[in-house]
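Pasting the structures in now, so scroll down.
Below, chain A partners chain B and then partners chain C, in two separate complexes.
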Partner chain A sequence: MSDSQPIQRTVRLKIVQGLHIRACSGVVAIMDGFEGRVQIHYGNKSADASSMFDLMLLAALPNSELSLEAEGEGSELILDQIEDFLSHPSVPQD
Partner chain B sequence: MKITEFVVPEAILPELVADSKESAIRLMVASLKQAGKIREADEEAIVAAILKREELGSTGIGRGVAVPHTKHPSVESIIATVALCHAGLDFDSLDGEDVFILFLLVSPPDRPGDHLRGLETITRYLKKDDFCSFLRQATTREQVMDLLQEADDNLV
Partner chain C sequence: MCSKLLSTEWGPMQIRSGIAVSPGVAIGPAFMLGVEDFRIPDDTVSVDAVESEIIRLRCALENVASEISANEALASKHLGKEYAAIFAAHQQFVRDPKLLEKIESLIQNQHQTPEHAASQVLRKYAKELQNLGDKYLAERAVDIFDLERSLLRHLLGEQREELSHLKAPVIVLAHNLTPSETAGLNPKFVQGFVTEVGGSTSHTAILAGALEIPAIVGVGDFLTDISGGEMIIIDGNEGRLIIAPDEETQQKYQLVQQRFRSEHQARQKYGLGRAQTLDNVDIEVCGNIEFPEEAKSCKKRGADGIGLYRTEFLYLGALKERTEEDHYEAYLEVLKRFPDEPVTIRTLDVGADKIPDAMMHVYGDKSNPELGLRSIRVSLEYTDLFKTQLRAILRAAVHGRIRVMFPLISSLSEFRQAKMVLRDVCEDLEDQNIEFNPDIPVGMMVEVPSAALMAEEFAREVDFFSIGTNDLIQYTLAADRSDPAVSKYYNASDPSVLFLVRRVLRAAQAADIPVSVCGQMSSDPKFLPLLLGMGLRQFSVTPQAVAPIKQLIRKVSIEECKELAKRVYELDLARDIENFLRAELKRFLPEENENRRN
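What follows is the complex of A and B.
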C-alpha cells in the first residue's frame, strides 16, 4: 500500500496505567518530525496523535482497543513505532 | 466525572508565589494537608513521589498548564487542588512556556480508571480558551470554585 493512502491498524493498549500523561507525551514525541497525520480512535472519541491535550482526552483504559489511522509519507513506519510503544507495558509509572 | 467532585475547595491556592517547580508542589501538597485531606505523616512521601514523577518527564502539558500528580495508598479516592501562579513559573513544560495554572492530583494506586477520568475532565476544561482565561484571572478560592462549578454545569 502506498504511503500516500491512509492506513489503519488496531492495537491493544498494554501500558499498565492506560493512556496517562507520560504515555501521551511518548506518543507526541514519536510524532515529532512526522509531517503526515495520525488519528487515534478509542470508542467514540478521536485524537490527533500530535496533540497532548487530544490524547489525554481519550482517557484510554489499560487493555483497551485503539484504532490507529495514518496518512502521509512514512505512515507505515510511524504506525510501527506507535504500535510498538502502546503494545508494551514498560512505560515508566505515572 | 465532575471536577468539583475531587477538587478540595479549602486547598485551592489562588495566588501561589513559588520560585521553583519543587516549591510549588510542596506548597500545594501542604495545602491539601492543611485542608485535612492528607496526613502529615504522608506529606513528604507524597511530595517525593510527585517530584520523582516529574523527573520522568514534566507534567507541564502546554497552554500554561501543569498537572503534577501521583498515586498514593493513603487516599481512598482521587483528590486535587488548584494553584494559580499569576507571575508564571518555569515547569520544564513540554512547550517550553511558563505555567500559570496547576492542578495537583493524588489518586489511589488501584484505580487507574479514576485517575484517567480525572485527568480527562481537567484536560477537557483546560482545552477551552474561556475557561483558561477566566481561571487565570481568578484571585480568590470562591472565584475558582464558581468557575469550576460553571464548567461542570457546561456554562463555560
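What follows is the complex of A and C.
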C-alpha cells in the first residue's frame, strides 16, 4: 500500500563525470519497464528519470546532492537501483 | 496578434550583423540550406490530419530507432561495447517520452507539421545543452543535430525539396554558398540570402549583386538558432539579419523596403545619358556582368558599355564542357544589347572559389587556392579550353566592339604567351575560312601586385588596362578576400593599394592607353572622387551602381577631386583615408545623408 504514496530519498552523486550522457543512459535503462514515475531534483531543476533530455539538462555535477522521488508499484526497488547506480564512481560496463 | 504568435512560437527576436553585399530589404520565411538541403515545410496541418501526422511522426521515430540499432550492432561488433554504448544513449534520446510528448503537443495544439515541430523541439534542446555552461554537454548538441537530420530525412522521405524546386518565396540561409549555387538561385523565389561565412568581394557576394537580391555574408554562426520557416528580415543596406522580428520591427522594415524600392526607381533616371563632371569632363561608366542576360539590365540602367564580362560563370554549374557555340551565343546575346558600345570580355577566370563542376578533376584539395593554379594560368595550362573561348570571341567580334582581356597576368612572358595563343587561333580561323575580327584590342587585368609594379613595361605591349581591385587588394595585403577571419586586413583604403592603383593610372596615361577600374572599388561612391582625382576616366561597376555613380559624377569637378586626392596622398593609415573619404562623400551628397537619417 505504501507504494501508492510518493517516497523520497536523498543521494550523493558519486559518478566521476557527473550526470553525463552515459550516466543518464544508465538511469533511463534502469527505468525501463517501471510503470511508475521517478523525479530527480537537483538544485531548482527537476527531471523525469525516464527522459534522456531531462536528465542531461540537469547537468548535475559530481558529488552533488540529488533528491529522488518515486511513485507507483515497486517504487522502493527502483529507488534502490537508482541510488546504487548513482553512488558508484564509475558507470558499470556490462 | 500574428507577431505575438510568432514571438512565442520562435522565441524572442534576434538581430545579427554581417557584411552587406547587396542592397535592399527582403522579408520572408527562412529556408535552410546545408542541413542536407532540407526544406522544412512551414505550413500547418489541418485539424483532421493531426492524427495521421502524429502516426507519421511515430513511424519516422521508429525508423530512426531501428537505424540506430543497426549502427549499435555494427559498432558493438567492430569497435567494442564501449562505443556501442553511445548508440544505446542515442536510442534513448529517440525513445524519450518527453520528446514525443513535446513534438506531439505542437502538432496537436498548434497544428504544426511533424517536420517543423520535431526540428523546433530538438533545436531547443540542443540550444539548452549549449547554454548549460558545461563544455562536454555543449558538445553533445552535435548528437542532437544529428538526430534532427536523421528524423527529418525519414519524415521528408520523397518529399525532400531541392533548392531548384522552390515554389514559394523564401530567404535562403546557409553556412556558405558556392558561386555556382548562388548562380543557380532563382530570384523569382529567393528573395535574399544570408551566409555564415564569406567576404564582401567573394564571388558569391558579386553574384548577389548580379541577381539584385539583398544579401549579407560573414554573419558568423547563426544557423543553429533557426529551425526553418521563421520570419526573417534581411537589411542588405546595413548588413543586418533579423530573426523572428516583432510586429513593430516588421512594420518598420516594410516601410524601409518600400522606400528603398521607390528611391531605387527614382534613381534609375540618373543612369541615362553620358555623365560629365561639373567642369564638363566626360566619364565613361560601364557595367560588370556575369551572365549574358544581365546585359539587358545594364542597358536599362544606362551603362555606357560592358567593362567586364566575367565569362567563367558560363561554366559554373555546368556539368559538361562548354562548346565554342555556347560561348559564341552568349557573346552575341550581350552584343544584341550593346551593338555599338565597347564590350570587354575577360577570358576564363576559374580557380580559387570558382571551380566549375566540369573542371573539378584539375583541382585537388589545394590548401592555398588563391595562390595556385587559377585564372590565366589554367588557360595556359589547358590551351584547348582557352582556344575554344578565343575562337568564339574573335568570331563574335565581327558583330560589335569587342575587346578581349586576360585575367591575373603576373609577368610579361605570361601576357606574351597568352597573346601567342590568340595569334594561333587567328591563324586557325583564317585557315578554316571562318569569319573573325583579327584587330580586336587585347588588354589585361592588373590585379597582381607584380603587374602593377611593372605597369610601365606592360603599357608598351597591351592595348588597355583594367584594374581588378578585388584581387589586387587581397594579394597586396595578403588577406584572402573570402575569409572573414582576415577581413580587417582586407582594406581598399590601404595606402599601399592606392599607391599601386595610382601607379597603373600614370603608366596608362604616359603610354596613352585606356584604363578602367572594374573592381568593387569603382562601385563604391566614396572612392569615386579619389579615383577621378587620380586621373581615372573609365569606370566599370555593378549594374545597380551605374545610376548612383553617374549621379555622383555630375556633382563633382575634376579640380576638387584632384585636391582631394592630394590630401589622401598625405595620409598613411587606411583608417584615416577611409574616414576622410566618407566625410568628403557626405559633403558631395548632403541629401543622401538626410534620407539615411530619416
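FYI, the second predicted complex is superposed on the first by the 90 of 94 C-alpha atoms of A that agree within 3 Å, B and C clash if a C-alpha of one lies under 4 Å from a C-alpha of the other, contacts with A are read in each partner's own complex, and residues count from 1 in each chain.
Please note the rule applied: a contact is a pair of C-beta atoms (placed from the backbone, for glycine too) under 8 Å apart; a residue touches a chain by one contact, two chains touch by 3 or more.
Fair warning: this is a prediction, and the values are worked out from it, not measured in the lab.
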Kindly classify A:62 by the partners it touches after superposition: chain B alone (first), chain C alone (second), both, or neither? first
With the two complexes superposed on chain A, say which partner A:28 touches: chain B (first), chain C (second), both, or neither. both
For A:48, is the partner it touches chain B (first), chain C (second), both, or none of the two (neither)? second
Contacts of A:74 with chain B and chain C, given as first, second, both or neither: neither
Based on the superposed arrangement, let me know which partner A:36 touches: chain B (first), chain C (second), both, or neither? neither
Going by the contact rule set out at the top, does A:20 touch chain B (first), chain C (second), both, or neither? both
Both chain B and chain C contact which residues of chain A? 17, 20-22, 25, 28, 52-53, 56-57, 59, 93-94
Inside the complex, what are the residues of chain A that reach chain B? 16-22, 25, 28, 52-53, 56-62, 92-94
Chain A partner contacts - residues on chain C that touch it in the complex: 81-82, 85-86, 88-89, 92-93, 96-99, 125, 128-129, 132-134, 136-137, 140, 143
In their complex, what parts of chain B are in touch with chain A? 53, 56-57, 59, 61-63, 67, 69, 94, 112-113, 115-117, 119-120, 123-124, 126-127
Which residues of chain A touch chain C once you look at their complex with the stated criterion? 17, 20-22, 24-25, 28-29, 48, 50-54, 56-57, 59, 93-94
